[in-house]
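Please read through the structure below; I'll follow up with questions.
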Amino acid sequence: MITAAPAPFGQSSGPTVRRVNDPLHGDLLEVSMGPQHPSTHGVFRMDVTLDGEVIVKLKPVFGYLHRNHEKIAENTSYLSSMPYTDRLDYLCSMSTNWAYAMAVEKLSGQAVPDRAQYLRVILAELTRIVNHACLVGFLFNDLGTSFTPLLYAFREREKIIDLFEALSGSRMMCNYQRFGGCRVDPTPEWLAAASKLVDNFPRFLDEYETMLTGNEILLARTQGVGRLDPKHAVNAGITGPVLRACGVNYDLRKVDAYGFYPRFDFRVPLGEHGDTYDRYMMRILEMRESVKILQQAFKVLPAGPIMDPKAKLRGFRPKPGETYGRLEGPKGELGFYLLSDGTPNPYRYRVRPPSLINLTLLEEMCLGHTVADAVVILGSIDIVLGEVDR
Amino acid sequence: MLGSGIIKGLAVTAKNFVGSYFVPERMVTEQYPEDRPKLPENYRSFPLLVSETAEDPMGTLRCVACQICEKECPPQCIYIEKSKDKKPDATGKMQLYPVVFAIDTSVCMSCGLCAELCPFDSIKMDQVFEVAATNRFAGLLLNREQLAKSNAYYHSIRPVEAAEVDARLAADRQAAEAKAKAAAAAKAAAAAAKAAAPAAQPAPAPVAEAPKPPSPAA
Amino acid sequence: MEALDQIRDRLLARFSGASVALVTNPGPAAEHSLLLDPAHAREIALFLRDDSALQLDYCSNATGIDWPEKEIVETKKVSVLDPAGGPAKITEEKTKRVEPGCLEAVYHLYSMALRHGPVVIRMRTANRSDKVNLPSLTPVWRSCDFQEREIFDLYGIVFDGHPDLRRLLMWDEFKDHPMRKDYVDPDDFEWEPTPHAGVLDRAKMHYSAPATLAVSAAPQPEVKP
Amino acid sequence: MSDAIDKPVPFPAAGNISDAEREELRRHGILMTSLEELYNWGRSNSIWPLQFGLACCAIEMIAAATARFDIARFGAEIFRPSPRQADLMIVSGTVTKKMAPQVVRLWNQMPEPKYCIAMGACAISGGPFKQGYNVLKGIDRFIPVDIYIPGCPPRPEALLNGLMELQKQIQGERLTGPDAARHTRPDMPSEFSVPSYGEHDLQPTKNAEVWKPATPLTRSGKG
């Protein structure tokens, strides 16, 4: 669809193409990719300037899913924000729940019983597996395999989602963590089912890798594409697998040693080149490490209460103060900044979204590559629009 | 060899394709309208109001219109109007009751906070999810008649939780009865001592434990 | 990592003329912060990033806070001597003063190289209406890029020296700063079946009937007297 | 197979014979149908949705398309990225004010006959986010919605259920006569004006042609 006159900024849907006169290099094309685009993972938009097929400029445009989560949270009680955090990163509600609960516990100085700590690790790692499996599926969608790997990923996802549903009552919006513990105690049957699923998971991963990792098209399309150099990545605040793919050893599970992670034996996979292929491999390796953590956790899960007896649901008022709580979400550092003025509502509630900040260097990563590569690079960064725009 | 990776991948898909006819673990499709999904007990969709009996749901609603759920509901989809009079609930206590109790399921986010916070075990989460409607207002706004479901139904969807709730309520009721008896005995003793006190209205029932309803939001 | 007051002392020694104040945090988290004056903030930030003992190379979180003007009523007890010579009367004198508001930007810094943190730094604008400029820290930490744009969008702090200061989340034509505490939603009330607090007020405004709005559409239960 | 096909809604246009007679004929191997019925049967079993995910519900929409729920059993597995090829718009997630003009434009670009499913609380009414300043309180302020599926998010089965409702609705549509379907009538609008970004809000905030709220009743004051 080529229109002579460009639509006003922020109003075009679908690719609007306009010509920019440049006598030296011929015409540059300005293409608006998104917000409705099959491979922008939601309503993300990139204003791309192209020289032929090569990207010379790329400006991300946000806000198409800006749902005012922070404003709503500042007008409601601490507890009422918990179900909203599910909807931030809607693929990984369990770890977002935990991040928020952790920040509030830090703000109010609450303790968490051992069993709940272990359960949180279990659920966060299951979430990481779901997220990474789906991400790999979506990444291959962007590479043009159209659905097959995604079907495999969703087959496994459904099994884990069923576990979440049996535990928390909802497939995606778990609303499971509470300040000072967890909401529902899993039954022994649930734990047995989860443990069995985790034990079987490496088999799926092997199958998945046989199908995908050696694929020549994957290698050709991802190796050397979208390189990120570690110095820039650190300065740009990139976190999570994207940062570790360029070789920076910074995993909050090790650095902050939050929760009960120091009690588990696991390694942090690191990449070397910082390209799209490394980011893909990082997800596969992290899933294997998560399986290791889970297997240990199911062995040592203690009996006991899951809620701090002092915790209360209604009328929760933390003392005045501020805090920043963060954890290693599947997408990177997920933080909650909370400022309390002693009332039941937070005075300031801020989400530090890893998806948004990981996009800081998108332009640098895409320059010099083709449009098709930009889609793959975006896919390998792993964004969820609910979190980007909040 | 160039292409061996692709061939390996195709072998996997071929295995899965054949397996999807024979291997049970690869046969994942649920024939939904014919086969009902197996919902876990914890599954929650929209709220319901528990009434003690199916015959007289409005008369035996557990809800006492305390409006805690209305206040705590994050998307504010509950609307309650309190009654001006009181009537006895299932245990015989005089309680307020909701004249209007409406839940807008077109807004409800199914978070389950209302059920979690209800001190009277009155509002619980239903498991009905086939609620597609062609009219947003008439179809998706549920009033108390539509929300009321009997305790037997609650038992049928959540047997474990419902049994727990029933046991707790029975214990409360017994405690309340014992207390009422003690109070009545004490009163009788006092009355006997005074010997002249006129038999006033029936005792205003042991409402000691009933939480004070919060003032209306408006 | 050295304590925050040590950092402050080093900063004060190094940057003459800069004012660096310690803001204590009374909560259990006890994450204290440094309040920088905007004039020197950029140099101080560069120093914090490059100092070999600190190496705060990673700015994790940047956010804005709105502190509206507050009207504070102070009651003072004043003893007034009775001119007639009687005992002094104690009267309460109320003085009203308006505490000026400001917009604040808060940055959480960590060191990836030395794995410590956080060091929290904050800057405040002079007021909330016309002097809302702060120096941008994006040239120091690139991760502030989108976050400062977001603060500009939602709070209206203008970051001087930001390479590309546009609205991030709302559209460009939008005039308000919606995360400010005094922001009022545009009135697009239509009719909601379950009105509450603010919505209820709006409903009353739109439907001038003296009664409140309530549920309709579904069959109505009988109202008992 | 949906039960709609096993138990067809009676079509008066199918001729002068009753359903029972038709069933009798079918048992003898004679299939009686009308053009209208055949047309609707074909349409209802090949609904191509627009590949258009907004938020959380989009993940459940994708889940409905994957192997476990398999929307292909209803003929709706071909998600078209282009609105020009789509029959059905599943508004799956929160429509923000910034996104609303684009959604309306996509709707305008879809060819008739077209249908809209509002999936999830956010698309119906703004849902949990309806208090937000940037959230449109229901997509039905700008485009007509055929089926509302509440839930946050609705299960994939609920989406399939909504799709079956839509199939029933399509199968009941008439092509001629006074109550003919919307898309057959040239006087019915198929494109709607696109709102523009204002200084404080969308302009206009609703399309009065489309948005028909229920009339509020007034009743005795509360509290």
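Every chain is named by a letter (A, B, C and D) in the order it is written, and numbering of its residues begins at 1.
Here, contacts are C-beta pairs under 8 Å (C-beta built on N, C-alpha and C of every residue); 3 or more make two chains touch, one makes a residue touch a chain.
Just so it is clear, the model here is predicted, and its values are computed rather than measured.
Centroid distances from chain B, each centroid being the mean of CA atoms, peak for C. By count of C-beta pairs in contact, B-D exceeds the other of the chain pairs A-B and B-D. Central chain assignment: A. Criterion: smallest distance from chain C-alpha mean to the mean of all protein C-alpha atoms.
One finds 31 Å separating the Cα centroids of chain A and chain D. Distance between chain centres (mean CA atoms), chain B to chain C: 40 Å. Among the residues of chain D, those touching two or more other chains are numbered 67-68, 98, 125, 128-131, 133-134, 152, 155, 197, 213-214, 219, 222.
Shared interface positions of chain B, defined as residues touching 2 or more other chains, are 28, 74, 76, 81, 100, 104, 107, 109-111, 137-138, 217-218. Under the contact definition stated at the top, the residues of chain A that touch 2 or more other chains are 10, 63, 66, 68, 71, 83-84, 155, 158, 173, 389.
For chain D in complex with chain A, the touching residues are 51-56, 58-60, 62-63, 66-68, 81, 83, 93-94, 96, 98-99, 101-102, 105-106, 109, 122, 128-129, 131-135, 152-153, 155, 196-197.
On the side of chain C, the complex with chain D involves touching residues 169-176, 178, 183, 185-186, 188, 190-193, 203, 207, 209-217, 220, 223. Chain contact summary for the complex, chain D toward chain B: residues 2-3, 67-70, 73, 118, 121, 124-131, 138, 140, 145-152, 154-155, 157-158, 160-162, 164-165, 169, 213-214, 219, 222-223. In the complex of the two chains, the chain B residues touching chain A come out as 2-6, 8-9, 11-13, 16, 28, 40-44, 68, 72, 74, 109-113, 116-117, 125.
For chain A in complex with chain B, the residues that touch the partner chain are 76-77, 79-84, 86, 148, 152, 155, 158, 162, 165-170, 173, 175, 183-184, 207, 210-219, 313-314.
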